[in-house]
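Structure first, commentary second.
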Amino acid sequence: MGVMTYAEAARLSLEQEMDRDPRVWALGEDLGPEGGVAGQYRGLQQKFGPERILDTPISESMIMGSAVGAAICGTRPVVELRYADFGFCAADEIVNQAAKIRYMLGGQVRAPLVIRQSVGMRNGMAAQHSQNNEALWVHVPGLVVIAPGTPADTHGLLKAAIRCDDPVVFLEHKELWATSGEVDPQAGPLPIGVARLVRPGADATLVTWSSTLGRALEAADALAQSGISLEVVDLRTLWPWDRDTVFASVRKTGRLVVAHESVRVGGFGAELVAEVAQTMFPALKAAPVRVASPRAPVPYAKPLEDMCRVSADMIAAAVREMLPADPSGPLAGT
Amino acid sequence: MTDKALPTTARVLEMHRMMCTIREFDEQAGQALDSGLARGSVHQYVGEEAIATGVCANLAATDYIASYHRGHGHSIAKGVDPVGMAKELLGRTGGVCGGKGGSMHIADFSRGMLGANGVVPDGVSLAVGAAQAVKLLRQDRIVAAFFGDGALNRGPLFEALNWARVYQLPLLFICEDNLYSATQRTGAVTAGPGGVARAQSFDIVTETVDGNDVLAVDAAAARLTARIRDGGGPAYLYATTYRWYGHLAFDKGLYRDPAEVKSWRERDCIARIEAWLIGRGVDKAALAATREAVKRAIDAAYEAARAAPFPDKHHAFTDVQDIGGPAWA
Amino acid sequence: MGVMTYAEAARLSLEQEMDRDPRVWALGEDLGPEGGVAGQYRGLQQKFGPERILDTPISESMIMGSAVGAAICGTRPVVELRYADFGFCAADEIVNQAAKIRYMLGGQVRAPLVIRQSVGMRNGMAAQHSQNNEALWVHVPGLVVIAPGTPADTHGLLKAAIRCDDPVVFLEHKELWATSGEVDPQAGPLPIGVARLVRPGADATLVTWSSTLGRALEAADALAQSGISLEVVDLRTLWPWDRDTVFASVRKTGRLVVAHESVRVGGFGAELVAEVAQTMFPALKAAPVRVASPRAPVPYAKPLEDMCRVSADMIAAAVREMLPADPSGPLAGT
Amino acid sequence: MTDKALPTTARVLEMHRMMCTIREFDEQAGQALDSGLARGSVHQYVGEEAIATGVCANLAATDYIASYHRGHGHSIAKGVDPVGMAKELLGRTGGVCGGKGGSMHIADFSRGMLGANGVVPDGVSLAVGAAQAVKLLRQDRIVAAFFGDGALNRGPLFEALNWARVYQLPLLFICEDNLYSATQRTGAVTAGPGGVARAQSFDIVTETVDGNDVLAVDAAAARLTARIRDGGGPAYLYATTYRWYGHLAFDKGLYRDPAEVKSWRERDCIARIEAWLIGRGVDKAALAATREAVKRAIDAAYEAARAAPFPDKHHAFTDVQDIGGPAWA
């Protein structure tokens, strides 16, 4: 085990996969000289050469479109789209080509590729460099969607994404790049579609992912002080999401809060709440709740940007509100 | 033909047969749509057969092609079985895509045909990637990407030209200029001299040919593909032609001057090569026999398609993705 | 009053708005010669000239991007994007420019434009010409989203969309183009954000929009035969959706079914269910349910395509399932 | 200068003052980021001032410009108040966008500045539309669209070139080639001779200038804008230059050869025009006085910005949309 940053874990993971499988290669803007916007490719061009770590022009359509072509012809591209906002510049190639080609062509071919996009707010990046777009990808048939929240998950899930025979959208959070955590450098791929029960609890289930995980754990600490026990589930894979873990938790607690940084309206939290409401209705002791960003673009000035953030306080308040009036009384079994 | 020896009669007869096959297939594709056997969008290649034929005559079985919405001709020329295509068109079991794709997605990887495409000009983007894969895997293949004149104004096409030249990919661009993009005269919305000048501005080698002259296409494709195989990087073939029918099989093409249609029909690529072959001493009856044989083969293909069962319903939910497919939810 | 098709109603509406306001103009592919893929622009170029009905090259980025520029400089463009699938070719210009420019620029400018996209399945158009993408637009701050289901609504809501000072995504369904209905040719704009209670009922609320409305009404007829009374709400505007009408209906019936043609996972139905579950939990007598398309691309062959359609039978079955076991008994007040 | 009379000394002094203002503003923008007063992405224009200055010297107040991520210089040259810009950069009340946009979205419609932009090269797309609006509304305006060399390889730029020429829009394209796109040497991923050849392939009139020579930029812009105002359709100005600092203010630019940086700094556009002015008899002291006055003005702008309050929190939810805004949900 060792401590490394989220960016280093990503770098190590790709390096290991490229060592393992000569068909794996990466393409995108600015990968070589400085190793990507967060150093997540640092040194890889030097090691693997400029063909396998391909510096491209600013041509998002071709970065994505050519990756699909290369994937169906025997290679395994890792596509770097830089900020998720620019993912919209390649939306056609993702939605109309990558996601559907296996199906449209009757299964005669696969498109094993990974689409890396840095999501989320960081320090005044503003409306065109702060978006979270997971809800779109979850809605698109053919895509797997992964959003790791820790260095270890990044390391293991990027491996899994690269080995997956279908296209995977891999969402890395800008605010997490520099965060550190324990990683076993020898660890293999983590399973796709398996959530992590980060903190067991009894009174309510909090489902989250990516950078909001940190806020959720803070909220759980704060709630514990009032004797409220919050179970925290890090979804990690958004599609397919881990129904077993979420349902088991909600069955136990009877209460669901979903927290995410992206816009609440039409966000992925809606899918989770709708699915739980439909499937687990009798088990619910209170209305399921979403805590997420208001339907507004991300503003620049700090006090405004903060208004669009999901805080630990907001999560804790949502949990408190869904519990019976006297939070000091015994909650188990209510 | 601008240079070197003329092709052998055998080669030209082969190309003639190919052009007849494509035409017959697409005449019947139109009928299949009219009669409700085919559905959705069917774009006929009738009138343009010389281009696919002349280009693919210079490709090996292992080479790749990528096509666009008007893709039947390219598929047949690359060796895709018309039976599997007819079944696909009619949405039946045994269709090259199992009935899931239809006309706009016909593909056959066993023949190096990477697919028609419903988005202009995404097939070119895929071809760029295929060429990149060829290069990465150090394979001995080239890639040919077909597209229409309408594609000349979409941004991804330029990204493709730049990309192919920057990385010196083994890729032949083929612009099939039939003057129209759907109901629009492409020239009216295309600035400057057009596609050739644009390709040249990326330092890509180009040739311009009469796309209704299969010998000219064959010769130009021979030169360009040889250059590409020699590691010369991408090349661009610009071929003028005309589609006889509407944009879609049910479009009557009323936005076109009948005189224009007539004049182009008079330049029929098949009639032209038949005249050439006759001039070379080929018997008229032999050509008629080819046409009849082709007709029987295509009749049989559609007949087999009509007889084939529809795919089983559960196939609607297969091959979406291994993990997280519809069965999962 | 007169009977006209959905396409004719759209054509008339645009003509009237162009007569009324010289700043209104339209741009897109193939608008002139044949008047658009469904004749929805027929004759307008002949009447208003080629500058106000602009035939464009196949340049989706520029069609959309230039419309934003023209909208912030004093005109009111109506953007024709043809099939909604090609909307992904202009996703950047819609999401990163049209939707956010007013906000990013601190409100110093508006982008009054309409983005018309034909959605949905029709007769074997297959995976790249059959998509419904409303869920994406609803998720994007800054956009209004409208999806009319009848000729009269098309007529009135297109007027409202054109007069709206913010960008409106206007989704027209391919299968509806040729359908007919009563339209008052003199009618003015319909209000945005107001649903239509199409059929009152007591036992369950069915919320739907666009072409699925027809299937919902068939289902209501079938259910009526078994004595089940279904209330049918046509949302018409998806953002902002009419909470008052939906909530009042659910308060009355205690049961919610949302039916839509688009993919269920991450579809807009999730938002409706999540919001109702969160806000109206105590009023719900049964788990809220979504009836929608499976998470698969749209296949070509008819029997396969039919598997991806939401039928009246499926809607009726969903309603029956959420009702108490004996549907012949009295339901009111259960 | 390639033609006609030299500009008046007064005009050149005005341009000199403008270049000094832009430089001072962006030197301090970098400091604001370093000290944490500014946030996000700040792209400095230092070294490139002659281009914005020379072009905007030929624009009327009513003309429009659209810019890109490196947009401070264009804004100042078009007459946007540095106080409002500094406030925007610091995210304060009174910022040109109320603190909502920041560096990458600075805009001021009262000055015809339609905005910087965070997506390469979407500002050009907006400029195309602005020009279309000008044409539709029969206004007496032209539009100038600035973009970097990196934008040369994105599809929408080609769509813009084609579109502007097809509809003969009153639009000046200005490519500011500073050799790099972020950490990438643009030449390494740009095929063929580059932007000028590409524009020419659309039959667009072009000029190439030394972008560090404000007199050359001014003269070329004068010729091209006159042509555009005369209804000549779009034109394209290609200007070579160099950014002194990193791509972003915190980027140290280590991927560049220090000798290259040094050689370009020696071609400083401000030093050059000062030498020219001195040759014309302008007093060194007068130039120093300009620099000092500019420094005081920019000091005051940032000072005013530091003193300004942050916007009220509720502004986070205003101006999203009238119906369906955040208050609605």
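A, B, C and D label the chains in the order they appear, each numbered from 1.
What we mean here is this: contacts are C-beta pairs under 8 Å (C-beta built on N, C-alpha and C of every residue); 3 or more make two chains touch, one makes a residue touch a chain.
Note that the coordinates shown come from a computational prediction; the quantities given were computed from them, not determined experimentally.
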Farthest chain (mean CA position) relative to chain A: B
Chain B and chain D, separation of their C-alpha mean positions in angstrom: 46
Centre-of-Cα separation between chain D and chain A, whole angstrom: 37
Computed distance of Cα centres, chain C from chain A, in Å: 30
Separation of chain A from chain B, taking each centre as the mean of its C-alpha atoms, in whole Å: 41
Residues within chain A bordering two or more other chains: 56-57, 59, 61-62, 85-86, 89, 92, 96, 103-104, 126-128, 141-142, 239, 265, 294-297, 299
Residues within chain D bordering two or more other chains: 95, 97, 99-101, 105, 117-119, 153-156, 159, 162, 166, 188-190, 320, 324, 326, 329
Chain contact topology (line, ring, star, complete or other): complete
Complex contacts: residues of chain C adjacent to chain D: 23, 25, 51-52, 54, 56-57, 59, 61-62, 64-75, 77, 92-93, 96-97, 101-109, 141-144, 164-166, 192-193, 239-240
In the complex, chain D residues that touch chain C: 64, 66, 95-101, 105, 107-109, 114-115, 117-119, 122, 125-137, 155-156, 159-160, 162-163, 166-167, 318-324, 326, 328-329
Contact footprint of chain C on chain B as seen in their complex: 38-41, 88, 91-92, 95, 97, 99-102, 104-105, 117-120, 150-151, 153-155, 181-184, 186, 188-190, 254-255, 310-311, 313, 315-317, 320, 324-326, 329
Chain D to chain B touching residues, read off their complex: 153-159, 161-162, 165-166, 188-193, 197-198, 200-204
In the complex with chain B, residue positions of chain C that touch it: 29-30, 32-34, 55-62, 85-86, 89, 123-129, 264-265, 294-297, 299-305, 307-308
